[in-house]
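In what comes next, chain A is part of two complexes: it sits with chain B in the first one and with chain C in the second one.
For the complex of A and B:
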């Protein structure tokens, strides 16, 4: 049975393995591209492993559209998007897709 | 008067079927130790050849040697071995790459066309169980492609690009000059090294990181060579199956590994206080323009490549003190290479010792030329000729001095290393003591 706690744990493992960093350095408020130094292909890898692990398919646009909208709401520019792309964003999206929480 | 700058080798790095490092490589090689091993990684019941010469380290063990861990998911097995070998070469050279003008140092790598034969590159590899489950159900072509799309890793294309190794080396070492990849089958890495040599010789670079690798020890690659009928099937004597120039040989030993070098102009080496290991003095390169896998009986392409190399080095045939043969342990190669050497060296052919490293480490395919050049540099330094191991009974058409079974002491001054490949490619390198 997938619980939010188990999902968070699995997500942190996925990210740590993909980026070859210790799991303890991955937090929900870590930014993927700034704090964890992920590059574009890392995001593709993480997305793929999330799909295989949780059994749903998603396009990265589902994330970037939300980030663009959030940037606009906070009067930020496109350059600020990396500051908004946190582990929490992915976590929330997984919960949403699994109907465990509304986005 | 020789044209161009003098080029020296100042660092060597090796990952061989014996394991990691040039010391282990030389220790085993000059003693004639076979690296052939029984295959245990997959069920060989339906495969005629049940042995190969894999690098003993697992993927995880290779990964532990990488400095840039995150890169591992983008590297095939040969990519990982390349980075390890390059690290050893850079360390031995004592060169601080940051001290070289970034556009005066380049990279030249010999690699196979793609890494798609690696088990981890298979489209079904990521989630084999669900793929197999899905394929048991009747499906339309559209459904078939939908499943492939769903289970194929999105990084497959970037992982399999032929220039993956040179690109990663460029990123790691901040090398911004000419960064090239050569894929010419079994001559790939010899040709890559030759091209790097010419870049320095003709003033286009001061330093080159060069070499090559391949990893054929996987079911897909083994199947492809099996279907061509070029692998030995001597399972009963798998450790001595690779026996070039022997009347009883029946094909080559598939293997894997990597070898890399730091090449620099002698002038650059002296200026920074570097220590040359050998001088690279010639690169002869030709194409047979004949057939994809057959060599012409008159050996015209390999003869011309050796002659071009001798001319560039400005050496007479009698000045070559040892030939590191291509020596695959296939009848066609062994006989035609022998014929070519007789044509190039005349009566002196009978006086030059030659041997085949492949008798011990097998055939690294795209990496063969590089690891055999590494062996040649060590041979030149140690004044010990590694043997053609397991050579018991000479083929009737092979009557030269192949240094059978036992290594031999010799006063070596110049070594010719031959590489010939599918597609009719021929690449010959000459190194000399400095």
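For the complex of A and C:
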């Protein structure tokens, strides 16, 4: 059975494998594009593997819309979005889609 | 004319959509695969159905063999015969080849080349009366284009697959060819670094003095599907003469 702990572990594995980095460097508060140096195609790759692993599809707009909203709330600009795009954002979205936690 | 059923991957917009529209009158059933663009896919469906074509949208990710299998399971639910398959789907990142990471390479190769092979393998049992297959390649397969290395190699692989399968499947009355397209203007213009400069340089070197359009590619595909009965395993270049200069 999928638990939040197991989901976090699987997510960290997915990101580490996709980006070819040690799993221990992937934390919930790591920013994908700044700390982990993920490029846009890497985000797509990670998304695809999340979909395969957890059995649901999602559009990256679901994430970016939330980030845009968060940026506006913090009076940040679009250029600041990479600072907000953390592993936690993906983790929360997975929990939300699996009905394990409200987004 | 006997109306035919066709599958187009990457068919919701751009070149794929132009090919779908060019098949009106040739096909009565179109299976359109796409990955992301729900709105574009729905608009393409509406446009085609207004012209009397039955359209099935197939939102499956060709990066994964399991999804390609699921897509064909769906096609098998709707038809017992497929006559045409056109592979337009491609995905990549634009950067120097020596900086491509393994996952980026895999994604590019899987969607652009490997998916074509698997789709042909799953199409051929449905092509009982023979069939026509076309792969859409690009001139980056033939020569160096800055930041195009991963897709260039994937397209080159695609062209090699075309040649091999053309020979292997000829005895099944299945004809396979490819179109190698030059730079296409419009929504399909790739998100290249310095794309404006590339367009300017390309125009300067192109004898036709214009970039291609999705319709230019669609016309060549239509020729391969309906006229080129003695052409097997060829990847024809369509670039306004760019490769000659």
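FYI, the second predicted complex is superposed on the first by the 103 of 103 C-alpha atoms of A that agree within 3 Å, B and C clash if a C-alpha of one lies under 4 Å from a C-alpha of the other, contacts with A are read in each partner's own complex, and residues count from 1 in each chain.
One rule holds in what follows: a contact is a pair of C-beta atoms (placed from the backbone, for glycine too) under 8 Å apart; a residue touches a chain by one contact, two chains touch by 3 or more.
Because the structure is predicted, anything quoted here is derived from the model rather than measured.
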item	value
Joint occupancy of chain A by chain B and chain C, clash or fit	clash
Chain B versus chain C as contact partner of A:52, first or second or both or neither	both
First (chain B), second (chain C), both or neither touched by A:41	both
First, second, both or neither for A:62, with chain B first and chain C second	neither
Contacts of A:80 with chain B and chain C, given as first, second, both or neither	neither
Partner chain in contact with A:19 - chain B first, chain C second, else both or neither	both
On chain A, the residue positions that both chain B and chain C contact, one per complex	18-20, 41-42, 44-45, 48, 51-52, 57
Chain B residues within the chain A interface of the complex	69-70, 72-74, 126-127, 150-151, 153-155, 158
Interfacial residue positions of chain C with respect to chain A in the complex	36, 38, 59, 61, 63-64, 66, 91-93, 95, 101-104, 107
Contact footprint of chain B on chain A as seen in their complex	18-21, 41-42, 44-45, 47-48, 51-52, 57
Residues of chain A that touch chain C when the two form their complex	17-20, 39-42, 44-45, 48, 51-52, 57, 59
